[in-house]
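What follows is a pair of complexes built around chain A, which joins chain B in one and chain C in the other.
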Partner chain A sequence: MAYANATRERLRGEIAAIREAGLFKEERFIHAPQGAEIDVEFPAGAAVQPVINLCANNYLGLSSHPEVLAAAHAGLDRRGYGMSSVRFICGTQDLHRELERALSTFLGVEDTLLFPSCMDANAGVFEALFDEPDVLIADRLVHASIVDGMRLSKAMRDTYKHADMGHLEQKLAEHQDRRTRVIVTDGVFSMDGDIAPLDEIVALAERYDAMVFVDDSHASGFIGATGRGTHEAKGVLGKIDIITTTLGKALGGASGGCVSGHAELVELCRQRARPYLFSNSVPPVIVAAALKVIELVSRTTERRDKLEENARYWRRLLTEAGFDLKAGESPIVPVMLYNAKIAQEMARELFAEGIYVVGFFFPVVPKGQARIRTQLSAAHEKHHLDRAIEAFVKVGDRLGVRGLGREEIAARFGL
Partner chain B sequence: MNELQKLVRDYVVREYLEEGDTREIGLDTPLISGGIVDSFSMVSLKRFLEKKCALQIPDAEATPAAFDSVRTIVELVDRLGGKGPVG
Partner chain C sequence: MSTTTVEPAPAAATERLVRELQERGWEVSSRLRWVAVARRGVEVEEADGATCLEALVRLAEALRLEEGARLP
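Moving on, here comes the complex of A and B:
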């Protein structure tokens, strides 16, 4: 072992720099299952405090749903705890095949391949399918895992301004000499909560002979009339070439992700995608529970309808209270504060009032675009949101930000 | 600003600023460290320079530091023997 003092000092210096920049991330310890109300220890060692959770990706409230838990228990009993193998050696059970088929049916695609996470799906898919003669043209706000995955591919990379169809069209025209053009976008953008104009993207793809890739992690299970995702909401079911998504958010919230789409491209991922080839199978307990989740969301739209209603109600409460919101229709509702310090203070004070939210600021979002991102769940009841708005009003008044837009906040507090 | 500097500045404004963004881009405005150009989107700037100035920028030279302002970008193009705007 050679952990030199100089190395230790360098690493300590880098940690100190992160702290000084105000970017140090601290874990909060949750002494409860995931849900609308949780018990949180923060900072470490502090008394455990009950709070309303407005920052989970538990959109459908299925993370601790009794039927999902029962299915997980049954999966554990029938198929064991771990596979001790990657998929292609001795890590594929009948359950994996069943879940891949269920996801394909749910998403309306030919085939699906499970990955340990959607981060892994995104890390593997581009390298497996595209090479030097191809070009990947991504929306500038796509998730970090897509950026990383695109970097791993030898394909040429380009970007277009967020949801700017004119700019995308220009890029598609510029790249007509490439073998394959792939438009890369999130379905719902995680920081802004807006929905990609997939109908327009598909029309451009048809006009300029391009494929369409969508990461629907913040949409699968609840966006669209029956929760199939952004492609359903925008009327382009069956017209997306590659969908990646996660089981780690609405669809049970444990872990696991997938690549779904045309049979050949899924098969090529099975043969080549490194995170699939070189990491363990999704454990049977998660696969069994995810099958139950797909059954639940296919059986009724009750939970996604309640989520939609909660999001509408929460947006109305915030708007009436004078907060500045990013427009949108998803259950991601960003409360815009623009100033990074104010966003951090607001999140801290809301926590003291029993409301768990997180402030986001540069480099996670552009400079001068700091915000508190709130996320709704079907597990929320109206009384949770009524209590949350009381706290927002109280803290908003204390900080003097209620009723202020970007210009006023900039003038009063700077950006 | 000389002709090449103006060309780079105009491209940055057109390619990276959103509609309604009125920020002025000067010779020394920090582009990458200032959050105007992210390192991923830098690729299109590199391609633009290669095409406009008839040169190849090796990946090792296309660093965030070298691309951080109009001034450093044009210095890089000069150092690599770029022809100035062509075509």
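Moving on, here comes the complex of A and C:
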């Protein structure tokens, strides 16, 4: 074994540095299915505590929905547990193709290719489709997986300031000599919950002959009147060239992702995208359950309507209670505390009060922008949110932050 | 018995590598590029370009993407 002491010491030093920077991530053990109310062991070895979950991506509350569970069981019985193969050797079942067709119909595109995750979809799509003569122009706050995917492509990389259409236009004009220009954005940004101005982006793309790529992971299933995503909400259905999204959030919450769009683009991903070519197929149990999820969200907008109502209600409760929020319409509702220590303390005290939220601070969010990110679910009932606001008020009073904006918090606690 | 290894001259090594790649069907060319490097603690980022300015511009763009605050 060549695991030298020097290596061990170096790695321990790096772990210590992560702790010192306040970036150490600790897992909390959940002793229940995912849902609005869960049982959590934290710290490890502590008594299991029932809490209201306000930090899952379980937007539509389908992670443990009985019909989804039944479909998963049936899928397991009918098609087995694992495929023991990548897709193109002997890992494609009828269900995989069925799900790809269902996702294409739901998203309003020509074709879809499943990946083990949206992380993998984003890691594979750029390298498969774009090369040296092309340029990828990304919003500076795109998801980390897009950053990695862009790095893997030989295309030139450029950026525009977050949601700044003037800056994007300038970049598009600068790159008119490139073979292909691709505007790259998230549909809903996970940090602030803000929605990309896709209507304006599409207009610029048409004016400057560019393609549009959208990662709609925090939108598919619930943003837009029928939950198709950001392109529906912004009135540009059918005008997005490439959509990547996940089955790991609203659409059942298990795992799996996809690249969707024009048939040729998808086919080229099937031929070239390395995460697709070299990873096992999405397991049949997940595919079967995801098919049920697509059926459920296509059948009725009841759950996305309830989520929208929950988000509106929660925003109103927090605002009336004197908390400072990031404006927006999505079910990602950041409660701004600005001061890192306050954000950490508030999250800890809320947990003790039975509310599971996470505090985020620099460098995960910009300096002086510490916050608690709350995420709503259609699984939440009004009584969950009423109980949560009571805890927020209690802890907010104890920490003396209720009714304070950025300037007051900066003056009283520093940033 | 001792062996003496004679290192080929750089030019010969270059020619050998090019020939080897050509024999595998590649058309080979090489050119000089500028490399711009940024370091901050354990973080390192680098980018190349045909000119020093191009390398620095690419480096700046790469860092803008890397430095952006992000949540899953």
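The rule is short, and it goes like this: the second predicted complex is superposed on the first by the 415 of 415 C-alpha atoms of A that agree within 3 Å, B and C clash if a C-alpha of one lies under 4 Å from a C-alpha of the other, contacts with A are read in each partner's own complex, and residues count from 1 in each chain.
Here is the rule we go by: a contact is a pair of C-beta atoms (placed from the backbone, for glycine too) under 8 Å apart; a residue touches a chain by one contact, two chains touch by 3 or more.
As the structure is a computational prediction, the values presented were derived from the model and not from experiment.
Q: Once the structures are superposed on A, label A:E26 by its partner contacts, choosing first (chain B), second (chain C), both or neither.
A: Neither partner.
Q: Check whether A:M191 is in contact with chain B, with chain C, with both or with neither, and answer first, second, both or neither.
A: Touch partner of A:M191: chain C, not chain B.
Q: Scan A:D158 for contacts with chain B and chain C and give back first, second, both or neither.
A: Both chain B and chain C are touched by A:D158.
Q: Figure out whether A:F360 sits in contact with chain B (first) or chain C (second), or with both, or with neither.
A: In the superposed model, A:F360 contacts chain C only, not chain B.
Q: Would you sort A:R373 into first (chain B), second (chain C), both or neither based on which partner it touches?
A: Second partner only.
Q: Comparing chain C with chain B, which touches more residues belonging to chain A?
A: Between chain B and chain C, the winner on chain A residue contacts is C.
Q: Figure out whether A:E14 sits in contact with chain B (first) or chain C (second), or with both, or with neither.
A: Only chain C; A:E14 stays clear of chain B.
Q: Hey, what residues of chain A end up touching chain B and chain C alike?
A: In the superposed arrangement, which is not itself an observed complex, chain A uses residues 138, 140, 147, 150-151, 156-159, 362-363, 366 for both chain B and chain C.
Q: Within the complex, which stretch of chain C touches chain A?
A: These residues of chain C touch chain A: 42, 58, 61-62, 64-66, 68-72.
Q: What part of chain A is in contact with chain C in the complex they form?
A: 14, 17, 138, 140-144, 147, 150-151, 156-159, 190-191, 360, 362-366, 369, 373
Q: What does chain B use to touch chain A in their complex?
A: 18, 34-35, 38, 40-41, 43-44, 47
Q: In their shared complex, at which residues does chain A touch chain B?
A: 138, 140, 147, 150-151, 156-159, 161-162, 362-363, 366-367
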